[in-house]
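Paired with chain B in one complex and with chain C in the other, chain A is shared by the two complexes that follow.
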Partner chain A sequence: MINDGQIYFEDVELGDEIGPLEKVASDEGVIDFCTLWGNPVPNRFTSEEEAAKANLPGPIVPGVMSMSLMAQLITDWAGPDGLKDLDVVFRQPVPHNKPLIITGTINDTRQEDGENIVQCDVLMTGTAGERYIIGTAVVSLPSRS
Partner chain B sequence: MYFDLHCHSVSSDDSRATVEQYLKWIQVLRKRGYTVDGIVLTEHRKFDFDKDYSQLADDYGVIVLKGSELDTRFGHFLVYNVTQSLASDIDFGDVRMDARELMQASQHHGALAIPAHPGRFGIGLVDFMDAGETFTDVKIVEQLNGGGRPGENERADELCEAYGYLGTGASDAHLASHVCTCMTKFGMDISNEGELVLALLSGDFSPVKLEETSTA
Partner chain C sequence: MALELEYDRSLYGKEHEAGPFEVTEDMIISFNQSISQSGACYNDRDAAVKAGYRGIIAPPTLCTLFVRRVQLPDINLKFGKTRFHGGQRVQAKTPIVAGDSISASSHLKDVYAKTGRSGTMVFIVWETTFKNQLGEVVADVQESYAARE
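Showing the complex of A and B:
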């Protein structure tokens, strides 16, 4: 299928699965992310008290951080330039310090404006089946020809 | 016949699947040996009178029916065979409507409203019944929901057992690859929304998981 580490459009079939990628967003990782992001701490992402003020069960993982974890599933698979769009729906708060299982399923392939487009469902779940985030990714892959 | 009685297309704000993507995915399921005859699009808080999926349905050989999933103050309800007259009587966007009024209006207009995911924690019918609410018109509930968290379908099982309710199955899909994970098996043919209601009222149906439809 691959001889140079690159996946090609011709290698892909509907129903193919991507991942799983398992990640944990630790307390320290979220603080580091907020600091880099320019979101002053403490905030609802890092502090029990601030989270309670926002009626959250505890500090949650920032949405953009969760999206970056989901994007990694795709860029690890397709390469750094392949991801064209990631559109997600946040269904439950994403907790700190718990395994986050990220998976993808290819549900469409097409050629569009000269590009080889692959569309994937992407999902972030917990180990007990909690669906934290659902969405779709649009990926452009090179052709063998 | 096997129907997925509850799925959402991009017409619902929280879905990311087009109808065509669902139909393409059903071809993948069929290739894998599973049986799927149709789906019902149950969009949130609306009914798409203007949408016609008959050409797509023909192209892919899948029956595509339309319904609604409405919010009420007693949880979500799936409505089948929605008519203009029902939509004139009921404000589909009213998230505080009384589910009992919805069920009665549906019956009056030839439609059928049943509780969706009754075991869902916090917003399922089970919690409202536990709080003392009564629903004499409920005879059928969505017993098997593909989007349920652990424990929720079990609560629906217990509800059906305790009250003698009949149960449907459905995926509650919001992504293409989730459609038809759970379905309802019917003993009679269904080709439109009116026949779907008749089939439900006949009682000749049961909830099934996708794996149970395998012909392999």
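Showing the complex of A and C:
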């Protein structure tokens, strides 16, 4: 699907930055996510006490939720159909209620099986430089031609 | 010398199934609210249909909600005292649309050791394929669990 404000394959170059996208995972958002996920609350993602039992400094954002926040960087940029592959490594616990800065850097562009492929390094950091999540995204973009 | 890993290798090649899971508009909108996803095609049926979809679509990671509903066996890995969710991969194939019925099938993909500055970790990778009611693969999801000494 081609959306208003769509970015095209011809618009991007190696080294281009995507974002930053700033997100916050609120206490309420994490509780709602856990409920949808089928993870009964309280749990280590929602409760100080449960987090302490798991030797965590406090309740953390579930990895699957953090990944969903990261995916928005790509879908906001490339459109809903753009994201083909998102592969992430959880490096540090992601905290609630703090700014999470999500960025991407294009490291490859190629045509493959008739698709215009853009590959990016993606990163979620904290405001003090904490590297919470690193990963790679593969994106398909439409062509102007 | 390579670490000789001890675990239940008979699990390779076995599929573990779950579902179908009904994906409703309410579910997609609740998911969007929890992650502050306000995109029109994810929240507004008219906008989604205008863009060419059958209905509102789910963000590509929504299927990760269903991964742990597959009952997976213990692989009986004889390594490590602690385990944590080390990583995740989503390969999106076709959008999930409100009204879809999604089935999941998971299998053990890989078990491997990696040694770095903090010592050796063993990664257990499960792969889940999600299909819709039309038999189309909507996504493949890999979840990695790390075991640390």
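Couple of notes before you dig in:
By definition in this document, the second predicted complex is superposed on the first by the 141 of 145 C-alpha atoms of A that agree within 3 Å, B and C clash if a C-alpha of one lies under 4 Å from a C-alpha of the other, contacts with A are read in each partner's own complex, and residues count from 1 in each chain.
As a convention for this text, a contact is a pair of C-beta atoms (placed from the backbone, for glycine too) under 8 Å apart; a residue touches a chain by one contact, two chains touch by 3 or more.
Every value quoted in this text rests on a predicted model; they were computed, and no experiment measured them.
By the touch criterion defined above, A:T105 reaches chain B but does not reach chain C. Of the two partner chains placed by the overlay, neither chain B nor chain C lies in contact with A:E48. When both complexes are overlaid on chain A, the residue A:G63 reaches chain C alone and has no touch with chain B. Of the two partner chains placed around the shared chain by superposition, chain C is the only one that A:W37 touches, whereas chain B remains out of contact. In the overlay built on the shared chain, the residue A:E130 is in contact with chain B alone; chain C does not reach it.
Once the two complexes are overlaid on the shared chain, A:Q72 sits against chain C while remaining clear of chain B. Once the two structures are overlaid, the count of chain A residues touched is higher for C than for its counterpart among chain B and chain C. Of the two partner chains placed by the overlay, only chain B lies in contact with A:L14; chain C stays clear of it.
Of the two partner chains placed by the overlay, only chain C lies in contact with A:G29; chain B stays clear of it. Legend: residue contacts after superposition of the two complexes on their common chain; A:D81 is shown touching chain C, with no touch to chain B.
Touching of chain A by both chain B and chain C, each in its own complex, is seen for residues 87, 89, 135. Against chain A, the residues of chain B that register as touching in their complex are 14-17, 21, 24-25, 27-28, 31-32, 147, 149-150, 174-178. Here chain A touches chain B in the complex through residues 14-15, 87, 89, 91, 105, 107-108, 119, 121, 123, 128-131, 134-136, going by the rule given at the top. Those residues of chain C that touch chain A in the complex are listed here as 27, 30-31, 33-37, 39, 41-42, 51-53, 57, 59-62, 64-65, 67-69, 84-92, 95, 142.
On chain A, the positions that touch chain C within their shared complex are 1, 3, 23-25, 29-30, 32-33, 36-39, 63-65, 67-69, 71-72, 75-76, 80-81, 83-90, 135.
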